[in-house]
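Shared between the two complexes below is chain A, which pairs with chain B and chain C, respectively.
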Partner chain A sequence: MTKYITSERLPELWARLADRGPLYLPVNEGTAVAFRAWEEGKEVNLEAVNSTVSPKEIFLPAWETYLKFERAGKKLALAPADANGLARPVTAFGLRPCDLRAIELLDLVFVEQDPPDELYTRRRKNTTIVALACSQPDPFCFCTAFGIEPTDAPGADVLAWKTGNRLFMEARTPRGEDWLEENSRLLQEAEGVEKPPPVESADFGLALEGLPENLKGRFEDPIWDQIYRSCLGCGICTYICPTCYCFDIQDYGHQEQGERFRCWDSCQFSHYTLTAGGNNPRPTRKERVRNRFLHKLQFYPERYEEFGCVGCGRCLRSCPVGIDMVSVIRALGGETVAR
Partner chain B sequence: MAERRINNMEKIRTAVAQDLLSGRIDLLLGWEKGLYWWQSRPLFARNSEDLQRLTWDSFCVANLSGYLQEELKENKKIGILLKGCDSRALNRLVQDQMVDRERVVAYGLPCPGLLDPRLLKQEAGLELTALGIEEGEDRVTLTGTKGKSIAREELLLEKCRRCHHPDPVGCDQLLLPPVGSREDRSRFHQVTRLEEIPAEERFAYWSSQFERCLRCYACREACPCCSCRECFVEQEEPRWLGKAHENSENFIYHLTRAFHSAGRCVECGECQRVCPVELPLMELSSKIIKDINELYGEYQAGLDTEQDPPLLTYQPDDPAAFVE
Partner chain C sequence: MPGSFLMPLVVTVKEIVTETPDTKTLRVVGEKGLPFEFQPGQCAMISLPPVGEAIFSITSSPTDREFMEFSIKEAGTVTRALHRITPGQQLGLRGPYGNSFPVESLRGKDLLFIGGGIGLAPLRSLINYCLEKRAEYGQIDIIYGARSPGDLIRKEEINRIWPSVPDTRVHLTVDAKFEGWEGHVGFVPSYLTELAFPPENRMAITCGPPVMIKFVLQALEELKFSPEQVITTLEMRMKCGVGKCGRCNIGSLYVCKDGPVFTRAQLDALPDEY
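Presenting the complex of A and B:
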């Protein structure tokens, strides 16, 4: 089933979708772009490739409450979190193919485990994903190096793409069909067979075959001494990354009353691996930087037979000192094309 | 012009090569090209091969002085390339006794102001990959367009457009001719604008900004003033700051950091430049600098190391209207 809507009518669609439940989509915030719950006045940006911060926060918010506790005398009352609006169906609109692939990689960690992570899984099951095909890769994009097709998103409920003034939407799952049906009042039937227009590939000439095997035994490779040097030790790369998922669990409040919450954490922070007694198995930026890249390029493939990077290019754009996935893969020897 | 740039590069390389290869310095902190022509990144050069990659161009934005504290643990003597703002950062670190000046060879690079790739893209209306630039004395020509030429001043990074002292101070040598001071530039126009807004609206403005903070601490890590061995953020007993990315916590983080660097901020603008969600962090520091200037007289941190820092001195007649 393929339908379309013209650009002028999109605000009507946003209003209708937001009425049904939270609608997350890319909006402008100054010169940055982030996925936010739509409300009147938000400036939607369907052109940005890619959003400054990845849409993983729809499923893994920067922080969320696990449970609330309150002490009355000797009794401690526990109440589970209401999990922020999980009662209503959510629409996630405008995820790019790389971002959706990243969500599938997060599923391996949070859903396909025993037991699965409850909050993540509930959000995931409750959300209809409308992916948006890319019409022009950004200079920092290299998704095709990871076998991602910029105009296709196999895991989406609906695939959308722009052709001129029209935003086409094709249902890919039964849930996607229902979703299109629910909104059919605003949509028009596509005449003939429509397909997303092809786009150039983006891969920076990276050759990734055999890289995970090659990295085995290179834990002490002196190249890491060069790679990490200029790292500032901030958490930009991990927080904007669509596949980084580490979190911390802490309490907020005091002994009588409070909340237990989880929040993003970063393997680039000194306290990430600090243990009681003061030992830190990753004492310097070297071990932390090495961990981040080996996690994406070796540990993820070993555990899940998939790379832990989707080539979204955010670290290429935002690392203030140019330590990014492409530069590091090149330094490790994973490229075919000399530039 | 291109020729002059190549000559400049040779001058710089020759000067630092002498010191690095003779062993006067063990390490040179400079820049090299990144993935694209509009990106330059820090270079840690130890030999002549590394020096081949050394670059000085309009994108050498990172302030390298922040690396000194850590690198001096492993190196006896370090050479460092410094723009005007970077040199003030080094001076400030020396004044704070965080860096031993005797173990640093400071090479000053008078700075014409660095270009903002986003403005280049905006002006050209083209993706940067389809674009190139030719830099003249005061103008930049965008190649790839129909030869569009724009005043350099209009293409500068935000942090450079407010810079009064592009010439490095307190360096061991200047590698290029001075460019002269730029006190004609407006340092405080953004702050003045914010000051004029009613308090409630101003609070709403900062709320909406801090709400977007990722708490990645890039502003802290890039800041040459943030030289504490342990930041209050990491202190657990007592815990000053909760880890929840909640707006009240975000406020505490940013305001504490701004006040902690009061009187020490050298206005290198790195906090704002590195912020991935582009929070206007320099406005916090600018406000404090403006207040210090108004209360205690003009002061720019790192400019004159003989001048007493106003917040580290006390005089019985210091103005105290804010506590009365």
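Presenting the complex of A and C:
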């Protein structure tokens, strides 16, 4: 089933979708683009190829309270907190194919690896995903190096693409069919067979075959001494990365009552692995940078048989000192043609 | 219930034993005594809001059906708070986490336990499990050391209870000479070398500070223990306990889920980052 809506009617669609349940879509926030719950007045941006912060936060919020506690004398009472966005159906609109692929990689950790993470899994099951095909890759994109089609999103319920003034939407799953049906009042039937226009591949000439095996004996490779040296330890790479998912658990409150929450953490911070006894298995930026890249390129493939990177290019855009996935893969020798 | 995999049970502290100036053992009970089933070597998350959660090895044996015990050294914010509580205090507890000591494949073997300081805590669960099923295991030797005599934990067990069990010996050592201490003086790894147990039909199980573990592994290698005969249990900073929060990985394995118990052979295949 393929339908379309013209650009000027999109605000009507947003309003209708937001009425049904939370609608997350890319909006402008100052100079950044981020996935936020739509409300009247938000400036939707379907042009930006990649949002500044990835849409992983729809499923793994940056900050999430899951438990409330009360203490009275020596008594302790614990109760689950009302989890946001778990009660009503959610629409995630405008995820790029690479970001949707990243969500599927997070599924391996949060849904498929036992025990399933109930907070993540409920959000995932509750959410209809409308992916947005790329019409032109960003200068930093290299998704095709990881086998991702910029104009296709196999895991989406609905695939959307822009052609001129029309936003086409094709259902990919029964849930996607239902979603299109529910909104059919605002949509028009596509005439003939419509397909997303092809876009050029983006891969920076990376050759990834055999890389995880190749990295196995290279934990102590002196190349790591060069790769990490300029790292500032700022952690922006982990914040914007769609496949980084590490989290911390902390309490907030006072002696009588409060809450327990989890929030994003970063393997680039020294406290991340510091034990109370003072031991730190990753004491310097070298070990921390090495862990991050080996996690994506060797450990993830070993554990889940998939690379932990989707080539979204955010680290190329955001790292202040140029320690990004492309430069590191090149330094490790994962390139078809020597420059 | 959303988030129930991170939702602790509420347990009550029944008894607190002051082991050393910096270590206490908490005995906790759930509604039906033992809060949940577990195997020797597994861990649990204890929390005292609003201070937070931390992971501890379960030091009691699963053969104790009425309670669960944790020996806790004061080291950080959570342990400091746990050292300030009194009996009757309720705590959050979730688990069990991780794999466990291979109690089945240890059966019929002579066992050599090598512990340092608070590292006796996880070993104690297995020691008491084996002593409870004494006929199923061979000779049991326990080498245990601490900085000073006052830093040895579980004094009643190491001095009186364990040595009184048939075919069970305890070899104590402290790092330096102390007045009134008539036992062995010296670091655990060198005492191990001195005692020189033959590796035939014997399994070595060790836990202690990371530096002690490294030297113990070396000493066992010199005594010709094969990598499959050496078992250790590791400590890492942990938050979730189920292989998701990320921080306790060594290579592609998570200590909280794939460990904390590893053989030397398994460790040798991993990056040296623990």
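General observations
Criterion: the second predicted complex is superposed on the first by the 333 of 339 C-alpha atoms of A that agree within 3 Å, B and C clash if a C-alpha of one lies under 4 Å from a C-alpha of the other, contacts with A are read in each partner's own complex, and residues count from 1 in each chain.
The rule is simple: a contact is a pair of C-beta atoms (placed from the backbone, for glycine too) under 8 Å apart; a residue touches a chain by one contact, two chains touch by 3 or more.
This is a predicted model, so every value here is computed, not measured.
Judged by the touch definition given at the top, the superposed model places A:276 against chain C, while chain B stays out of reach. In the superposition on chain A, contact is made by A:248 with both chain B and chain C. In the superposed model, A:239 makes contact with chain B only, not with chain C. Of the two partner chains placed by superposition, only chain B is touched by A:230; chain C is not. Once the two complexes are overlaid on the shared chain, A:322 sits against chain B while remaining clear of chain C. Legend: residue contacts after superposition of the two complexes on their common chain; A:113 is shown touching chain C, with no touch to chain B. Counting the residues of chain A touched by each of chain B and chain C gives the higher count for C. Residues 248, 250, 252, 265 of chain A touch chain B in one complex and chain C in the other. Against chain A, the residues of chain B that register as touching in their complex are 34-36, 39-42, 44, 62, 66-67, 118, 127-129, 212, 214-218, 220-222, 234, 242-246, 270, 273-274, 276-278. Against chain C, the residues of chain A that register as touching in their complex are 66-67, 69, 71, 74-78, 80-81, 83, 86, 109-110, 113, 115-119, 122, 219, 245-255, 258, 260, 262, 265, 267, 272-279, 281-282, 287, 291, 294-295, 298-300, 302-303.
Residues of chain C touching chain A in their complex: 1-8, 10, 47-54, 73, 75-79, 85-86, 88-92, 209-210, 235-237, 239-240, 242-252, 271-274. Taken in their complex, chain A has these residues touching chain B: 29-32, 34, 52-53, 62-63, 139, 204, 226, 229-230, 232-236, 238-240, 248, 250, 252, 261, 263-266, 269-271, 316, 318, 320-324, 326-327.
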